[in-house]
């Protein structure tokens, strides 16, 4: 187990110019990992008393291990990362690293509001075994988060990170879209390997792919609802909560896209839209966790202030799955 | 030329129960026209003194006639319809009907704020030769435009229209998305044949196609920016302003989609995103008309309050086309 | 009664350079009318078959005539003007002019989407007896409605109008706020006498008053919900739908503000917020008309696509009035 | 100085049922502090290397101590709290408590995303000397932050807090308005003493005051831009960044309001709108800190990702103050 001391020492190191050494650790900068593929955005299982349930986490991972995922995203929005302490964030990643095979990419969310804290968390995530970090846009001061500010933020993080950085734009949570011009600029950074776009504006996604086509920069759909459309315009991966419950289907949808079986892909995509919306913007993480319980995984409670679904919500959630043939 | 008298007589007719006869005119209800295909959303050319320039309209149509369009959409948002009098709206459609070949579909915008006026305009459009009408959502009282209100509106129009009705959702102009549940309900109406969705939310577009799949209901992309993605999820047509200047390319993009040449489609789609955005949400109709002037069509001025582009805007517009190899 | 011929002749006149003469009619330009005071934004009564019910209109006006209003606003958003034909719009104003006393200001909505049509409607409104016009921002092409475009629009209208012009910003309906800098520029026009702001952003209202303080330019609250606050920051009038049902109370609230009885004003204002919200953004014109029926006026039906309230909505509307002691 | 150990021990305490004892510390619950009055929302001064500059903090406080403020708000949005570690948050409050007189209220921001962490931070803030806490709405999962979820969150915090709780709604930062019905419910809690509303919707503010009038619940304007209007509808306090630079003027504005000198208040209010907007939504904290440098306080740099103003922004900021006679 990893104590708070590790994190503190990383912080001390940072202020002493650790960054040069840090790069040395993993010779990360310059080594571009190919992040193409399908990833579940993992939930964080809690006990009835809101402690992290590492046993259930391991059980879930063993079940998910049967699908051909490229890896796992830990502490994306689905992971309730804003409710975890720094220590918990690192401990979860550390545990997962020990559970999953070496060839599965472990992409860990390391975004915080301040640049410095994001750098520190990024370094720590590398230390506990993450293969890459995914960094959400800071957003509390969104009125001042210009392209210049965001370019500065991500450049700093990528400069100092020993492992590759994935940009993460999720306007439903942040109220902020990472501007296209900022993405294009950042795509030239040797340690920025791609982006997760959860906004779902397919015109924007296509444009980003077009304008970064000369860089080694991968765009991943941030939700299964627009997976097919994203692949059609050039995306090469996807990260979403739905893969926690319909992992086989999401992997199959990707395979149909990659092998050009667009008709079959279309039919499958159609049947996944409502379930996907149900476990994201309609019912959120409480909806996803409830569904996990139905599908043989451990969902369990969320941390407050997230609330359980009401009976009426639960019924509507069930219909979103059953009417599409999944329950 | 068509005078105001025609419109007035249509109005009188309506109040006398004309609807039954009107249906008789074209035996429209029940006859489902297949609206699949590519359509330019025509601009309305004006002289320097803001009169409609029918000569230029004809010249434009002759040039556009060389491309394999399924037809033409007249008085969509691109046609500045809110700036035309009722008489002008009908006269433009009447003239176009006389110019274009019979086998080209003429879809005329007949949307007004009130249900009654929309019905009247629809009847008049049928009388002057439209093959179908496209009806924008009423929007001034958007706070009260519930699904129920919109279902009532479109049902009334479709009940009374002698020609097929196309739904039209364009939130950038109306501040209103036609709700999915309303679309699904309306897709069962025998005289509603499809929908133009200009919002570009590809998840929503996919869901609409999925939930109307058992009806004879066609979904058309409302802008070229998301044409490929829309076809990938099941759209079968597109209507947009860009086809006024890059008609060959838009038709080619559709053909690539329909024949499953997704890689070539993707490359072409990418190069059309910025030009399309430039002539729609970035620079609007003044941008499109300026581009038409560049491409050998007549663009000319817009009616006020739409203003000409500034020199800086014009330069940016040019870059959006030249950087993608179109100028 | 006024036929469509009048309007047509006004249009002809305009194209022949009528504007100079038009100014002569009323010697409007330069004569600044003081629009301070309270105005109901009148509804348009319809029969069960959706015809305008002029008899009920007259009855309503006689009842409203017992309150110390400064005048009446006809065909603001409350008047369902987008559902009236041009002929109806003028006829309603003409009738009201004949009913109300000469010393009551009649401010008529003349806004249309195009500048030219707005000018024509403005001239016609003057001809049928309006004392001033209130001109809503054109909004269908809101993406291009820059300050420059709006300044051009209003300047043209004010240049040609024989009667004073009132600016009208109502973002709930138009999705557009008339920008502060545009208001400031327009406040210098000799024929623009003030503004109705229905957005309710009190910081913005205060700023507009501050920056136009050296002009003869009056700012009127566009809703009773923020009447007191608006007067506190310098507004001198108000226009709203609530005065159709609680006319005495709205006049009293204004009087309390003008005489510095802020505590009593505050208490009265508080009790009017929920009723005001109920007849505007919560239940709209159908809510206002229903309430008029309760309060001894004629409300009646709205034109489609506006729908009647559901029983549940009607009950909630009633509570908004009864819980504040008005029913 | 306060080390991380304190915070850790508080956390341990919590899990051992400390809450009962904690209440004992300050006998907070049930004792309603009157929070009426003017408060600057303090900035956090940083050195050139981004360390907290406690010396400058003390200097600023001594200068601010000359104005008749009711107290100080620490770690509102203006304090860059999302960029501070937990240890820093507590240390800043602890230092300020030692600097300012006992009779000045110290209201400390203790909001975090999770309920549990907010409770812990609240307990710690009490321990280091805060008189009350101000708790921002959690917002990352705003799609699930229903009234029920927010009521649950605040009730838990208020139940366990040894000191009074102030609700804090700031949609510009959170994308979330604390719903009126939630505020009304929470106003009955014996340990919730009021609310800071930074949204500025004066109709809403008036309604909240009206519906909580029977509770001992104070509403404070969350920005100086709508201070006068808020007092006019019944607010009794204000918290804002502008008081860091124009402290005398903000206190004077409040006094004018409280003594019924509305004309003088209006004139002063008008001259404060643009400066206030400049240091909040227009140029944010970087704008406020720059202005502090001009006015004899220490502003200094912000933590990244917040960026310094560009020269053009700085010039515009200066005009916002000079054109209103403050520079």
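Of note:
By written order: A, B, C and D. Residues from 1 in each chain.
By definition in this document, a residue touches a chain if its C-beta (ideal position, glycine included) is under 8 Å from a C-beta of that chain, and two chains touch if they have at least 3 such contacts.
Nothing here was measured: the structure is a model prediction, and the numbers come from that model.
Interface chain A/chain D: over half of the residue numbers present appear on both copies, so the contact uses mostly the same residues. Annotation: 33 Å between the Cα-based centres of chain A and chain D. Distance between chain centres (mean CA atoms), chain C to chain D: 39 Å. In this assembly, the C-alpha centroid of chain B lies 51 Å from the C-alpha centroid of chain D. Residues of chain A found to touch two or more other chains are absent. Of all possible chain pairs, those that touch are A-B, A-D, B-C, C-D.
By the touch criterion given at the top, residues 4, 50, 77, 82-83, 85, 113-117, 138, 140-146, 148-150, 152-153, 156, 172-175, 281, 283-286, 303-307 of chain B touch chain C in their complex. Partner chain A is touched in their complex by these residues of chain B: 200-203, 206-207, 209-210, 213, 223, 225-226, 228-230, 232-234, 260, 262, 266, 269-271, 273-274, 276-277.
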